[in-house]
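Two complexes are shown next, each including chain A; its partner changes from chain B in the first to chain C in the second.
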Partner chain A sequence: MPVTDKSVAASVRKDDEERVDTVDRWDESHHGKGLIKPPDQLELTEAELKEEFTRILTANNPHAPANIVLYNSKRYRHASVTQMIVHFVVEGSLLHQDSDEARRQKQIGCQPEPPPRSNFSSLANQWVIYDAYMEELQKQERNKEKQKAAPSKKDPDNTKRAVVSTDSHGHDISKVRKAVKIIERMVNQNTFDEIAQDFKYYEDDSDEFRAQEGTLLPLWKFQYDQAKGLSVTALCWNKKYQDLFAVGMGSYDFNKQEHGLLVFYSLKNTAFPEYSYPTKSGILCIDIHEQHSYLVAVGFYDGCVAVYNLNKEGMDAVHKSTAKTGKHTDPVWQVRWQKDDLDNNHNFYSVSSDGRVASWTLVKNELVFTDVIKLSLNGAMSEGTEGSQQPIIACGTAFDFHKEIDYLFLVGTGEGKIHKCSKTYSSHFLETYVAHSMAVDAVKWNHFHPKVFISCSSDWTIKIWDHTINTPIFTFDLNAAVGDVSWSPYSSTVFSAVTIDGTVHVFDLNINKYEAICQPAVMAKKKGKLTRVEFNPIHPIIIVGDDRGYVTSLKLSPNLRKKPKAKKGQELATGPEVEVAKMDKLLSLLQQPENSTA
Partner chain B sequence: MAEVEETLKRIQSQKGVQGIIIVNSEGIPVKTTLDNSSTVHYAGLIHQLVMKARSTVRDIDPQNDLTFLRVRSKKNEIMIAPDKDYFLIVIQNPSD
Partner chain C sequence: MAGTGEGKKEEADYKRLHCFPLIRETDMPEEMKVETMELCVTACEKFATNNESAAKMIKESMDKKFGSSWHVVIGEGFGLEVTHEVKNMLYMFFGGSLAVCVWRCS
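Our next item is the complex of A and B:
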């Protein structure tokens, strides 16, 4: 199209010119249209139209601000700013990790790595703190002991503890010894729960209706299978730990002499003994020391005496008398601890069928004896009939020491006589009582009244005496041989006796002067004989031993434990004086009729 | 050691005793007469109880210490005797 070409060429030329004129004007490409002059176009002359204006295009954005704020972190200041007014400046302490300053600091002091750590949590209770202090204290004490460097004496307790600790390295199970003991007691308490409750709390209410009688409630029965065939020959309560008692076992039978057994039971564990010591010869009597309750004196059928120490390990006696050291030649019927002598040695007395009362002293781990008195049939040795006749020796079967007057003691003999003797007079009896027609089985001073003692014998009788009077105050006939009699520790008028027909008799002279107030048959007649009886020092129970090797414990009902009733308005007095007064009243009652008849 | 074994035998032969467990101080049973799962069960639970009980007693008076613990329930009784390094658990049904 020729028109188009011309017009295009013309328009291109025109466009170029126009373009050169105004930069801002947006040129549209005209296709074949003529030159159109807008009405508001600048009127320019030809010369002006041909003028060339130079225009430069740059990349700078004219709208962009001229003063941008840039923060140079390396140089810690604002830079590239032309107009800056500083309002506030503060120096900070943060360093960039890669800056020189930071690198320098790292090299100087700090570790590059944190120290090894572990997490720990615990409680700081009072007892944790206390334990820590106690350990410190013990460490200090140990250091002190080492410093002293003196050889320390090993006392028996320490050896026992030391033995335990070395053993435990061997086998783990021995460490639980204590816990096992406690558990056994707990299990037993559960098994025998009813009995334990009875022991503590049962009071026979029916006693209110029975004015003058009481009952005995059977509690635990103690038996030990190693004691089969042995009879109980001695019972003794421990004065310090009043739930512990000792049982001596042997045989009264002359023909059947076997081994013996010394067994300790605690009321806390009634199924199994706490300690047991087998012995070669039958035991006839035991006595536990009052202050040192771990020392036990034992008298044997073969005439030996021995001392056992419960603290020491081992099954043997600590001291034992032999033929050389003066053992008795006949069975030892009674042993009794005495107060420590002037050199603070322990000593005890023994009486035996060979007619000797001997005193044994523990001098530096040895048993030394001295004869105290020889019992002769005719009385004092110096009074031997017709000059130089050899006095016949009597057998001693029982003795007892006065509670307050230290040197005074009574000895019962196999002939039925009781002699009052003194430790200081070895050849003289102070007094002789013709007591029984058969051997005296037991003689005991009253715990409260200083003048009264009781004796029992196989001649079926029990007699109560005032030692200033030659004849008995009371006599009781029990229809069977009496094995043992014992005063109660809480009342001066209550005593108990056991007979071979299996009956326990409890008497209270305050209530009934002629009969027992309680006579339960503890064992059937054919089954066995009762041999020993003992009151517990504080609990209202008695233990009774029989010839089968059993020990039965019985609880005394309230009627048997009566204290004197107070008159209305008066205070109820307690204590030994009251007991003494009670007895005195009884005695005086008896004296009067005697005086009147005499 | 032998007397401990004897005593354990006696306890086991007592009326109503269902089981005995000896646990060491970390709560791991050392000796037991019950089956494995019951033992582990008892040991784990009772260990925590004993620690709590002992902590209570000693916190009140640091010179005091726990002697034994009895947990009586309807069906039986659990008796725990703690020692220095071990404790002994006995489960008994006393009315058996």
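Our next item is the complex of A and C:
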């Protein structure tokens, strides 16, 4: 049944009731009879009229929406969302704002970047400004010069530029030269480390077992590219810098005369020479001044002598003798510095195959010579033209000055004779010794004993002499031509000799009077001849030169360096006196038997 | 004495006269460099005694011509360390004793 009917019915009833009430009240007043029905009243059956309808009345508003989004303040979020309608969906991802991606997006996208910046710093001072201007002016001047030169000549311009560039190169190199030199030495020392260690510290222990013998330990070998084909003709240690030695290169061969080379090596840098001077003619002898170790006297195959100054730059000799100034006409075999003369000029002597012993003095940058002595064959006079008698001149091949007696010196000749001469006597010999049957290759005074000297020759022998006696004290036959002999600086009885069969012989008269105590073959027999030998003044090494241009250094084992043993309680007397005494003892031992066998 | 004094003065003047503007360091493009250099020379010659006015003139002209935030220093003895925008820096000598530095940095 429609609600409206019911409600109408209700309202009707209410109306009825009201009406009844009112009617009642009215009735009270009026006493109306029966129900009055309005004409449009719904007609309901009596059963329907009696139907009961229940109505519930609550406080809730039935029209209010049932689903509200409530904010749950306890949980700080919206809750109880029961109905949701999605209006818009987009898929996306989150980026942290500092991440690379984010930064890149920013860059590409929106923000303008600040322009790139850089720092600049400088100093503005009066002198800086002045210098800058001076430079600029110079540049301008150079430009002007170039412009002037350019139209006229173009080649010198290029060379000027080339020279300028090499100059700047040279400047650069010279600045680091010292550093480079030190590094080169370091590298060399490291490369040859074992050798350097041996040189310093190695002592051959087996010497204890070999009482009479010693050994020579090969150390460095010095070779120089430019010296190929030349033989070592002279060796000389520097007295002041004992690791520096000079090597003179040339050729002994008469037919093959080429250029020569003067080379200085230092033990600190064994791979490359410290100084090298090429020369036109082969060198035969060198001597380094004792006090002024930068002055080197050189004698050449062509008869010239020259003096080099190591301090000065340049490849040339400081002084050189020429045909005018009295050079020798034959090869100069030996040069020796002397003490400065009375005018404090340096001077040196030279001996040559032309039979002259000459003295050269450095007078105010010039080389002045004087003939000291002319070597003539004793007794042999040839008949010259017109009956005049001319002495036949002998060739001088070696000489040596006495260590203490200044004016006394010995000259060895090509005929095998040794003459004892004095500087003061120019034509007369003090004495002559018939020494050898062939040319005397070297003659050397003993460093300690004032009377003893040694000589060697191509006749295979070495002879030791006392200059007061005409006959040799000792004679050694070495089975091969002896190139050079040298006394040791530390002992009066030790000397060393080299032969052309490539052997070095070391003798110690104290230990063995007849044989060498050490004879190592330094070079294979057919490969080369040894030409020179020299002892180092302080280190126990010797250097040996050969005809291939190599210099080998060898270390002497302890047996070769024996010093006299000190008796218990006595102090070891140093140096010369002991050595002299040693030699004297030997000589005295030998005097009697020698006299008997001579 | 007076003679030598005058001589020195002459020398100094001569030096200043025959000492042209010398650009020491710059990273400006060619046109900008030439313009700026000429501007500096003009300003320094105009305000030979007053570095501040010269600098002011240079800075204002630069701002007008090339954009904002230029800085100018003129002097005879100073050291400097600046951060400048790339391709916006000029450092030159002038007159035998003046040094001018112009740079931009916003």
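Observations on the model:
Keep this in mind: the second predicted complex is superposed on the first by the 409 of 598 C-alpha atoms of A that agree within 3 Å, B and C clash if a C-alpha of one lies under 4 Å from a C-alpha of the other, contacts with A are read in each partner's own complex, and residues count from 1 in each chain.
Definition applied: a contact is a pair of C-beta atoms (placed from the backbone, for glycine too) under 8 Å apart; a residue touches a chain by one contact, two chains touch by 3 or more.
Given the structure is predicted, the values throughout are model-derived calculations rather than measurements.
After overlaying the two complexes on the shared chain, residue contacts for A:365 are found with neither chain B nor chain C. Within the superposed three-chain model, A:424 lies out of touch with both chain B and chain C [touch as defined at top]. Look at A:271: by the touch rule set out above, it reaches chain B but stays clear of chain C. Contact with chain C, but none with chain B, is seen for A:117 once the two complexes are overlaid on the shared chain.
Using the contact criterion defined above for the overlaid structures, shared-chain residue A:136 touches chain C, although it does not reach chain B. The larger set of touched chain A residues comes from B, when the choice is between chain B and chain C.
Within the superposed three-chain model, A:125 lies in touch with chain B and with chain C [touch as defined at top]. Of the two partner chains placed by superposition, only chain B is touched by A:180; chain C is not.
In the superposition on chain A, chain A positions 123, 125-126, 129-130 are in contact with chain B in one complex as well as with chain C in the other. If you check the complex, the residues on chain C that touch chain A are 19, 22, 24-25, 75-86, 89, 91, 93, 96-99, 101, 103, 105-106.
Per the touch definition, chain A reaches chain B in the complex via residues 123, 125-127, 129-131, 167, 170-184, 186-188, 190-191, 193, 271-272. If you check the complex, the residues on chain A that touch chain C are 114-126, 129-130, 132-133, 136. Residues of chain B that touch chain A in their complex: 1, 3-5, 7-8, 10-11, 14-17, 22, 24, 30-31, 55, 58-59, 62-63, 67-68, 70, 77, 79, 81-88, 90, 92, 94.
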